[in-house]
Amino acid sequence: MAAEPLFGAGLWHFGQFRDRYATDGYGPPVSTLEAIDRAGQVGSLSVVDINYPFNPADTDVAQLEERLKANGLRAIALTPEIYTRKFSRGGFTNPDPEIRRAAIELVSESADLARRLGCDYVKLWPGQDGWDYPFQADYKALWQMSIEAVRELAQRHPDLRFAIEYKPREPRNRMTFSSAARTLLAIEKMDVPNVGVLLDFGHSLYGLESPADAAQLILEHDRLYAIDVNDNFRGWDDDMVVGSIHLVETFEFFHTLRQANWQGVWQLDQFPFREDSVEAARAGVEVMRTIWRALQILDVEALTEAQSRQDALAAQRIARKALLTAQVEG
Amino acid sequence: MAAEPLFGAGLWHFGQFRDRYATDGYGPPVSTLEAIDRAGQVGSLSVVDINYPFNPADTDVAQLEERLKANGLRAIALTPEIYTRKFSRGGFTNPDPEIRRAAIELVSESADLARRLGCDYVKLWPGQDGWDYPFQADYKALWQMSIEAVRELAQRHPDLRFAIEYKPREPRNRMTFSSAARTLLAIEKMDVPNVGVLLDFGHSLYGLESPADAAQLILEHDRLYAIDVNDNFRGWDDDMVVGSIHLVETFEFFHTLRQANWQGVWQLDQFPFREDSVEAARAGVEVMRTIWRALQILDVEALTEAQSRQDALAAQRIARKALLTAQVEG
Amino acid sequence: MAAEPLFGAGLWHFGQFRDRYATDGYGPPVSTLEAIDRAGQVGSLSVVDINYPFNPADTDVAQLEERLKANGLRAIALTPEIYTRKFSRGGFTNPDPEIRRAAIELVSESADLARRLGCDYVKLWPGQDGWDYPFQADYKALWQMSIEAVRELAQRHPDLRFAIEYKPREPRNRMTFSSAARTLLAIEKMDVPNVGVLLDFGHSLYGLESPADAAQLILEHDRLYAIDVNDNFRGWDDDMVVGSIHLVETFEFFHTLRQANWQGVWQLDQFPFREDSVEAARAGVEVMRTIWRALQILDVEALTEAQSRQDALAAQRIARKALLTAQVEG
Amino acid sequence: MAAEPLFGAGLWHFGQFRDRYATDGYGPPVSTLEAIDRAGQVGSLSVVDINYPFNPADTDVAQLEERLKANGLRAIALTPEIYTRKFSRGGFTNPDPEIRRAAIELVSESADLARRLGCDYVKLWPGQDGWDYPFQADYKALWQMSIEAVRELAQRHPDLRFAIEYKPREPRNRMTFSSAARTLLAIEKMDVPNVGVLLDFGHSLYGLESPADAAQLILEHDRLYAIDVNDNFRGWDDDMVVGSIHLVETFEFFHTLRQANWQGVWQLDQFPFREDSVEAARAGVEVMRTIWRALQILDVEALTEAQSRQDALAAQRIARKALLTAQVEG
């Protein structure tokens, strides 16, 4: 059997969750170092994507590197927090030029740190860049500001890669980088070699895309830098444990990556508000491993033949046969 | 292993499909008798739910009974077509009292025939009863007309059962019997013993219900007369092959029915627009059988214990263990 | 012209907002007394619905009463916070009986205070009561616990009224009191005279109901205790300024209340994350006043006649004529 | 006041509607010539988009031209029906190369006729090109076939323009040209000067786009060949009368076109299943005229200033002031 992929997770998976109701948090605060220890406890994670600034902000980098090492982890990426209070009216598209600048500088600062930590990419998730109301925004201006900000960052750090994580909405009612195709259009406009896409399975799912098709489109443009997986009820970014609802489409998604021989990390972006975060990560990895096994027993030749006829019944039967025996084969 | 349930299907599953684009139909016309033969060809169906009037309308009933017998089938229900051109502005709620009357009489006529055919119930699907635009309707009047029409039918045929199939929308933008709870409220108002609910898994799914929870609610009121299964992308009534998307929730749905010791037929309501209808039905039964096997190996005791703690991770693991080995066990 | 209705707002409208991204809040913390002052600054509000416990918890009640008076406000309701960290795995349906008890006692405590403050009702919003994953919960048990908890409260405080605010989802992926019909079914089971419904326009809208129809259904059961208005993009509870998207349906909603001669307060439940909360409330009242004026000039007789024919074009024209001149008439 | 825009409609607006339930149609059959007469009866339409083949197929072109003239109409476009039974498993992406060829040839044939009729563009709506089930299709192959088919047509008819009408879904569960951004990406790949986009307001709305933003994006690529307007409940392509739900966003959409000085036709794509089609078109034009008037009185300068601050409350107030007085000004 082929070697398993590397598994990873966003470090926020192990942090404190809040929402607009449980404003005191779903659990106690968790420092960045504590979160790293929890990620280590999962036992099967190799990499983590770390929010920056750290918590607390004065966390010593050397100590963080040590703690990662002690837990057998590597920082695959940093995610600058350009969506907190200061940036609540926008990061790259904030109406105030000083705050736009502050967002760019915060990312640039995290890029320098990502270089030191040997990350594979800097993740850009401009969650506050978009609009809430009809008539609120000059769409052309937002689009330009978004493109220019990312281009500037890519040009300032030509040795690093920047991965844009698109999302249809939340926290903004509508977001600028909302889909795979829109993000690819923006990247073409940027005309730089080191900007790509992080495809979040759940974002794609509730954004009315077929995640496997979105992956294919991004792969075709050679811009698939990273992926995150989770699950939802298709109306919102529920960030549930991977495979808890959409087992079949999750399987199809990973099948597409494998057919393209994509070599990236299988990464979790789950928000276990009411579950133990270490157990939730273990559950997610468990599902990914089951899907990995299903990929080993999938009759790819027969599937390819069925797809050439666009034969849904045959293709589904072949996929189901592999998926519904994967637990045993393991 | 416990005996398998009976499997059935709506006879329209084997008919000609049209929509607003392929107005010439996705295939050639199919008569009621031909559709019965196709249902027989599936090989695993015991009952069918038949649209009335038959196609052609002058189909001989004795011949139909013969044909059912020849195919090892029984008519579990009749579905009067109170949603064709004549009733396009409403059946039970049509603004024209004469058409309201015609709808009631068509159902009554099909009730008499259902009696002769020994059906378990008459299915009521008032698909054209609802509204399309804000301000269009007097909601109170529509609600009253719907309740009174069904009550009259139940009282005229006290020896028969009437099953209301609720649906959030389509063909109307909004429908009167739109959810399990609304339909139960209406049934209480009717105050008759012989009106119940047909729960269509897909309608429940895209109506924002949890189908297993909706089933539980209807069971608690002792009004679950029948079920239909299929699948969709959660935004519309796609009527796909059962389990092609929501394997886990389909499994949960049948688990709930089994825990309640519900004894009804596992019935298909699929619309294989572009697939062979016999093959699509076989695929649906295949999935239902896999789920049936999964029910046999599901550790109900452990699941019940996990549910008592509302432990999502444990409950999902237990369910997954049964589901992802079911294919093999078979 | 008839006298305007009273306008009100949930006090949280003027508080600090957080979400899972801007965990440091969209603005600085706001105490209950400060929020009351902001509500007063709106200039057109007569009542507020106040979260309990107050912020800070030791806020002096006499001082709060004074502050309300100073701002020309009255407490129409208290909303006990049975959805914070302690209750994050459920209030009335928490798997831990002690926490279920704590939720009931917190509501009971707020009921005593509501009596002292002369509120019209105690609002029940069991936001954490529901489930997130398939297989997680025993739906029957959750339903029973919800019904019993509310019944106990109603019986302990027979002189007070309890209004259940239903919502399809958030913060739970699925909630127990999810729709108008489900909540009415639960209220019937409770069999007490002093439990009713608070209809939130936005919850109804994204729950696939037609808010005017939901209002009609609740009015028919004589259980419409209160309403909240806001707006959204129909996929989530965006809590935008009323009328910013669905002007026509908002107009229809208030028309339905007026035809039923419903005398309650027109209340705001908006979350102006990125706007000035006083200005956002003024905007909401401005829209409600415009709609009020539209109601005065609406040709009800012609509308009723068009609705008797279910004539969508005529009904919409009549409604539009009133709505699209309302600003001027004012 | 500036001169009004030209108004138009898809000729199908006046035809016979069917769906999967009212298979006998929502009314009697309507020939192409009869539909042209109905379009003429509206009184305010200048152009129509005509389905090809005509109904009946042997309709004489000279006679059709005459009939258009007699009704003061011009054919702005032809829409080849590459979505009927023959193409139900796909037009440009059909697994059978002969049917793919037949689809291309049907479009080419309609292009020749469009040239003779002096149309502005040939509309491409490959409604059957996409997929229904996970695992059914090789997404890369579908994407390539779609691009190559349109490129071939554009190159064979360099003197004509081809407008792709994108749509998220229906009749396929997922469609290849599903959004503005995806379609623009495909057009870039085609690398031809004469392929653009027809933006259908309703498709954009239920596809989670902001129609005004989608228009802006297409305008920026200089590919906005045409628009269609209608309305829906945001979950499906209900094709309701324009403005019956989303007055504010429809106003914003036309404002964006006007700011860009876009000179195209304001075209209706409504499906009045249960209404008189001539009256429904008149209602649609009435709403568009009201919005046109609102554009005349909109304080663009103040709006631009508010948008530069991304001030939602101010922008909405300015828009509302114009919209809610437009009826009177007229």
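Lettered A, B, C and D in written order, each chain numbered from 1.
Criterion: a contact is a pair of C-beta atoms (placed from the backbone, for glycine too) under 8 Å apart; a residue touches a chain by one contact, two chains touch by 3 or more.
Molecules present, by chain and UniProt name: A, B, C, D = Xylose isomerase.
Keep in mind that this is a model prediction, so the values were computed, not measured.
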{"item": "Relative to subunit A, chain with the most remote C-alpha centre", "value": "B"}
{"item": "Comparison of B-D and A-D (more C-beta pairs in contact)", "value": "A-D"}
{"item": "For subunit A paired with subunit B, centre-to-centre distance based on mean C-alpha positions, whole Å", "value": "39"}
{"item": "Separation of mean Cα positions, subunit D and subunit B [Å, integer]", "value": "35"}
{"item": "Sites on subunit D at which at least two other chains make contact", "value": "89, 132-134, 169, 208, 233, 235, 241, 244-245, 248-249, 274, 312, 316"}
{"item": "Residues of subunit C that touch subunit D when the two form their complex", "value": "233-235, 241, 243-249, 274-276, 279-280, 283, 286-287, 290, 312-313, 316-317, 320-321, 323-328"}
{"item": "Of all residues in subunit D, those that touch subunit A in their complex", "value": "89-90, 95, 131-141, 143, 168-169, 174, 178-179, 181-182, 184-185, 188, 207-210, 212-213, 216-217, 220, 248-249, 252, 255-256, 303-304, 307-312, 315-316, 318-319"}
{"item": "For the subunit D and subunit B complex, residues of the former touching the latter", "value": "16-27, 83-85, 88-89, 127-128, 132-134, 169-171, 173, 233, 235-236, 238, 240-241, 244-245, 271, 273-274"}
